[in-house]
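You will see two complexes here that share chain A, one where it goes with chain B and one where it goes with chain C.
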Partner chain A sequence: MKLEMGYIHISDIEFSSESKIENGKLYVSTDALKALVLEDEKLKDVSFDIARPGESVRITPVKDVIEPRVKVEGKGGVFPGIISKVDTVGSGKTYALKGMAVVTAGKIVGFQEGVIDMTGPGADYTPFSKLINLVMVCEPVDEIEPHEYEKAVRIAGFKAAAYIGELAKSLTPDETKVYETETIKEGMAKYPDLPRVAYVHMLQSQGLLHDTYVYGVDAKQILPTMLNPTECMDGAIVSGNCVSACDKNPTYVHQNNPVVHDLLEEHGKTINFVCHIVTNENVYLADKQRSSDWTAKLCKMLDLDGVIVSQEGFGNPDTDLIMNCKKIEAEGIKTVIITDEYAGRDGKSQSLADADAAADAVVTAGNANQVVVLPKLDKVIGTLDYITKIAGASENTLREDGSLEVEIQVITGATNEVGFTTLSAR
Partner chain B sequence: MVKEIERAGLPVVHICTVTPISMTVGANRIVPAIAIPHPLGNPALNHEEEKKLRRKLVEKALRALTTEVEDQTIFED
Partner chain C sequence: MPDMVFGCRPFIVMEEVVRLEDYIIVTNNPLVRDREESRHAVEYHETGIREILEIIRNKVHVGQRLLTHPLSGSVKPGETPYKSVLMTRGKEPVDLMSVELIQSAIEACGKFSFKSEEYDERAMRDFRIIDWTLISSALESADSF
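Coming up: the complex of A and B.
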């Protein structure tokens, strides 16, 4: 499958009476966007704001981050099975607006949303501080259940991102990149001497607002399956997550998954990137056993030499991670796992809830319990009402001078387990 | 906690959903629970059925507590 990605760089965003993109600047009609968002009868109101890199702005509670994209040629539309009809995506031509994102915010479950600081030490921990963010704060109708509100905000974000993406459809991209992988037989013939590598991508699916969707299917209900590596670039996988902010994968990360992109970069050079396998992280032990059996079976059937496994979230998904690793290794296939750590504020506790000797190649995205002090910023988009309740904060979080003492767990994307992060070690 | 109580000389049954973690941390008597968000119940059942399920779990745990074990054991049934 072959996909041409056209990148259009956005240098600024401005509210305007007409929505358009001109000379790299996005003009957005909030009236048009508001009408689109309020089509959903579960939402009462929506407000928009713009947060630019370096500004003294804190966005919280952050639910999702989405990159506007548009399908220009080829089958299907962005976010298939969600806002476009079900069709296999990942081929033809797609444009992406680089340097910006749509950020959805609002209270939802409160304690499991994140923080994006646009300046200061907090900004260093989140990759999304480097983007110009169009923030939507959605207000639900009265007496709505949290899961209905989550769904309404989730869909509103995709609709807004698709609406903005559509404005780029007739533009000429600043940059073009072609991604192509072969079928199994073609790949074998073309690269007979290269190691066969796949990506096992674990999707958060613990339920109770901890969900991910694949072509519109709740990932709790999938059996592990295969995708072409380019499918995720058209929004085949989206976040429906309200979990700890530091290591959940917002939709933006699924669209720009660095493991997929890096493997594609090496495809045909040092490896043969065979496919992208998605699996889940369910709350029943039988599901964990079945799904890890299946990932190992698929890896064996594909005659792989190596696999990269990435986790999403922490705690009991550590077991899914270790089960995947152990069972794939038992098939004689080398694995590298990517995870993060909850090693306590002093870093001295056990990092993962589960472990095995087979997990002998591990990449860590950092210790989520590490404490930072975030200075008071001039403006808050959203609300600070929940700041002491977000996972990684405490009742002592808000200090007298208005600064926040928190674990980096509260920061959206701080220890992202597909490596979409700015943390590194010397 | 399981290990510390056993160290003090009292046998412990660990009722938990993710039994592999219980094995990793070294519990000796393990009884599988229902699911992570509801280890000792099942909201999909009606009250009467759920009560039966809960009683069964407790009885199984008590049985496990009085069973001699040589090694780490998961009491499946």
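Coming up: the complex of A and C.
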């Protein structure tokens, strides 16, 4: 499968009477966008704001971050099964608006973090502080249930991103990149001497604010399955989860998954990237057994030599991670797992809720319990109502000068477990 | 470690039901009790998060097996006041995986600090709803056949 990605760099965003992209600048009609978002009768109002890198702005609680994209040639459309029909995507030509994102914010439950600081030490921990963010704060109708509100905000974000992406359809991209992988048989013939590698991508799938969707299907209900690596670039996987924001994958991360991109970069050079396998992280233990058995079975059937496994979350998913690792290794296939750690504020506690000797190659994205002081910023988009009370709160959380002492688990993407993060070790 | 057997469905050998597993929900979440007790066996305890995990651990120690993960949900044990799990009702030889899972959940409590007095009723209601949706996703799996 071959996908040509056209990248259009956005240098600024401005509200305007007409939506368009001109000379790299995005003009957005909030009236048009508002009318689109409020088509959903569950939403009463929506407000828009723009947050630029370096501004004294804190966005919270963040629900999702989405990169606007548009399908220019080829089958299907972006966000298949949700915004577009359910055609298989990942081939043809797609344009992405780089340097910006649509950020949805809204207080869906009465405890919720998810912080993007656009300046200061908090900004260093989130990759989304480097983007120009078009922020939507959606207000629900009265007496709405949290799951209805969550769904309305989730869909509103995709609609807005698709609307903005559509503005780029007739533009000429600033940069083009072609991604191509072969069928199983073609790949074997073409790269007979290269190790066969796949990516086992574990998706959050536990319940409200803990869900992920694959072609519109709730990932709780999937069996592990194979994707072409380019399918996620067209929005085949989208986020419905945001709590404990440090290690959850917003939709932006699925669209730009660095494991997929790095494996594609090495494809045909040092490895044969065979496929992208998605699996889930259900609460029910029999589901865990079934899914981990199936990932190992698929890896074996594909005659793989190596697998990279990434998890999403902490605790319950640690068990899936170790089950996947053990069972795949038991098939004689080498694994590298990617996780983050909850090692306590001093870093001395057990990092994962599960472990095994088979997990002897581990990449960590950092300790989510690490404490950081976020200075008071001039402007808040959203609300700070609950930020002082969750995710590492203590009596010292809200300090006299208005700064917040919190664990980095409140920061969107701080310890992202597919490596879409700014932390590294020296 | 013995082979682990999950699941709570009956399976049939030689046309006889040789094993019929039945489950209970053990919870300190009143919303789970109220919404589920007409459909499922619910054992409700009005107690804290650590205490409910310890009650579950004691059941594991006498041979009840966990059917759901006690660290379900991204709101950590020290950050939410509520937890519900599904367990087998009958007793079997002690299941080592259940022992490890519940022990690890209790240990995780120590890493997080929860201050219920800082939450208003809306937040507490939402904690109950989240815990209920987590256990509901498991019930859907458990009851799918």
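What we mean here is this: the second predicted complex is superposed on the first by the 415 of 426 C-alpha atoms of A that agree within 3 Å, B and C clash if a C-alpha of one lies under 4 Å from a C-alpha of the other, contacts with A are read in each partner's own complex, and residues count from 1 in each chain.
Everything below uses one rule, namely that contacts are C-beta pairs under 8 Å (C-beta built on N, C-alpha and C of every residue); 3 or more make two chains touch, one makes a residue touch a chain.
All figures in this text were calculated on a predicted structure; none of them were measured in a lab.
Partners chain B and chain C, once the complexes are superposed on chain A, run into each other and clash.
In the superposition on chain A, A:L208 makes contact with both chain B and chain C. Of the two partner chains placed around the shared chain by superposition, chain B is the only one that A:I322 touches, whereas chain C remains out of contact. With both structures placed on the common chain, the touch criterion links A:Y342 to chain C but leaves chain B unconnected.
Between chain B and chain C, it is C that contacts the larger number of residues in chain A. By the touch criterion stated above, A:A353 is placed in contact with chain B and with chain C alike. In the superposition on chain A, A:T183 contacts neither chain B nor chain C. Once chain A of one complex is fitted onto chain A of the other, the partner contacts of A:T270 are absent, as it touches neither chain B nor chain C. With both structures placed on the common chain, the touch criterion links A:S170 to neither chain B nor chain C.
In the superposed model, A:K288 makes contact with both chain B and chain C.
Within chain A, the residues touching chain B in one complex and chain C in the other are 206-208, 283-285, 288, 316, 318-319, 353-354. Residues 17-21, 24, 32, 34-37 of chain B are the ones touching chain A in the complex. Contact residues on chain A toward chain B in their complex (touch as defined above): 206-208, 283-285, 288, 316, 318-319, 322-323, 353-356. Interface of chain A with chain C (complex): residues 109-111, 146-147, 204-210, 220, 241, 243-244, 248, 282-289, 313-316, 318-319, 342, 344, 349-350, 353-354, 369, 386, 388-394. Residues of chain C touching chain A in their complex: 4, 6-8, 66-69, 71-76, 79, 86, 100-101, 104-105, 107-108, 110-113, 115, 118-120, 122-127, 129-130, 133-138, 140-142.
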